[in-house]
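For clarity, chains are labelled A, B and C in written order, and residue numbers in each chain start from 1.
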């Protein structure tokens, strides 16, 4: 009677079409007992970097044993691999294209399997929708019997540094003697600018200034509510990353900020 | 084997980010048996009034005992209270900022608890995402054991008129001898203009005219289908409120209407 | 302990309002054990053709016995019928307005019931939201006891060609000696142009050219990945229909294409 951990979905399919629903139909057909939870389906089309961010800041809020099925797959139909990775206490099924970049920074990699055993796929396999025909049935069969080895052969992890792939484009923030240099990593629905600067990099004992574009913020506050409505704040927010926001407004709109814009923290 | 009532989510998180998914991860970690239903996540950012509307016209279609978790929280990180309210046969977990305004008009308030017992929260609690760190775990623990008292102390309801807070901005429609004065309260996805004029305020035995902006409608019809495509109608619609619509079109677009626009009903 | 097939929802309600959530509340009140899966809620308002497409390319990925509840209902409040149709191994509850057009082309029609028995509806029934008051409770009761006959009388199928209604507007692609003439049938979230030309109509042994607007594509490839980023492709994609796409881009945006645009396949 104990309910097993869920299958969690992350895709760039959006909500306009049938794609997410069909994936759930495939999973339900194979593993009708599996609770299925939507993490996000509005990853910008083929934007692996945003997908990696959303996965990296979310996975630890799900129970151990959760299976994350992530389909952001610009390489569908090419020879890019599909993998099952066991990282910390969680399972991940996705194309091996960098989606695991942030999770790899945070969790111990236990094993990676290259998905190859067609016995667990739909038949025939379309050339354009491996999310439906390969990855969903693999995630559903993995839910029923969590033994990745039956889906393919282990990849020799780290031996050649090839798999699982990390995104090269994301460079971590760098810390100098009196500065941190980082960048805007993700912009959320509220227009908050989330940087790649982790909270533990910021010296707590110092009064820090934060700069972005022509804005300079003279302190890092605890919460949006420590500012008046319309006021700018730099805050260490829920993902444990430095964030730049306008209380009850949109920092993105006011600054016309975009992903990759440089952000600097300074102290005396 | 009987399945308990669901936990129902209402937020302004949108679908672009991981926020809704993460909340479901937290709930599933604590109460894996809880059915979770999305009421709406597209409340305009920090728009308590729209949140109050959506909650007020929806709750009675869910089973008795349902727990509504509503996170529209512009005051996160300030000293605004978080409450559990028992109203009629339903439970509500939300910031005490007016979200319950319409439910309070319709149901008997049985008790209000100020959430204070950190034992039931995630740890550490972030300063910017109490939806994830306080309200979701409280809703999940309430699902497992529906005794609000263990989460904090009762608030002395009504004694000082302070809690639970009602929105002051929403003024009810007023009825004169031959008129009702109201306003547009909410505009839906189809562009229908939903007013704050309840059906029972409208005299059924009279031929009523309805006016908005430069439009005057000469009768209230039973259904959109009583008009030709493209024709304007005033109709008492599914929320038991007077609604102004264009059959198979968008009244909002044609009138450039917005929330707060005055609406008048007249009869001889 | 065996879990029954799901109830699957397709509507034009969007995500902005409470409508989808309320429908789930009604279903959960009647059939709390029913797994409910969202197929899509972003059908353009009252666009029966898109609804028919989404249903037609999706149903077969769900388990036998699945109940599809489809609410795209421009005729609500008129005398259009509501039906339960059994097609192949699936059940469909929807207004009889053409939503089943594609499923009727693919599956054997076993029976059609005109929904009439008010015992299974909410009371009172609003004149504007039969999705909530009639169709949802019917789908939920059908889940509990899958005998369509108790909801109303059978319609004499095919005798007069009237019910269930097929959309007249959708004309199938036509094949000549050295050409196929078709059209754009649906445009998805990625901007891919999905035509009404089925894969089996295309001669596999020939080198085919595909034309749309001022574009001429000189071969049909197996997958998006067979082209360079930014390159145009014609591909037989996941719905077994010819599709025109830009690898890692949007064909819709580049061509300003719209539903109904003519598409031609030629060979020597």
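As a working rule, a residue touches a chain if its C-beta (ideal position, glycine included) is under 8 Å from a C-beta of that chain, and two chains touch if they have at least 3 such contacts.
All values derive from a computational prediction rather than experimental measurement.
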{"item": "Cα superposition angle of chain A on its copy chain B, in degrees to the nearest 5", "value": "120"}
{"item": "Same vs different contact residues, chain A with chain C, by half of numbers used", "value": "different"}
{"item": "Interchain centroid distance [CA atoms averaged], chain A/chain C, Å", "value": "32"}
{"item": "Sequence positions of chain C contacting 2 or more other chains", "value": "15"}
{"item": "Contact set on chain B toward chain A in their complex", "value": "13-22, 24-26, 28-29, 32-33, 45-46, 74-78, 126-129, 132-133"}
{"item": "In the complex, chain A residues that touch chain B", "value": "3, 5-6, 8, 15, 35, 37-42, 54, 57-58, 61-63, 66, 188-190, 222-226, 229, 235-238, 243, 248, 250"}
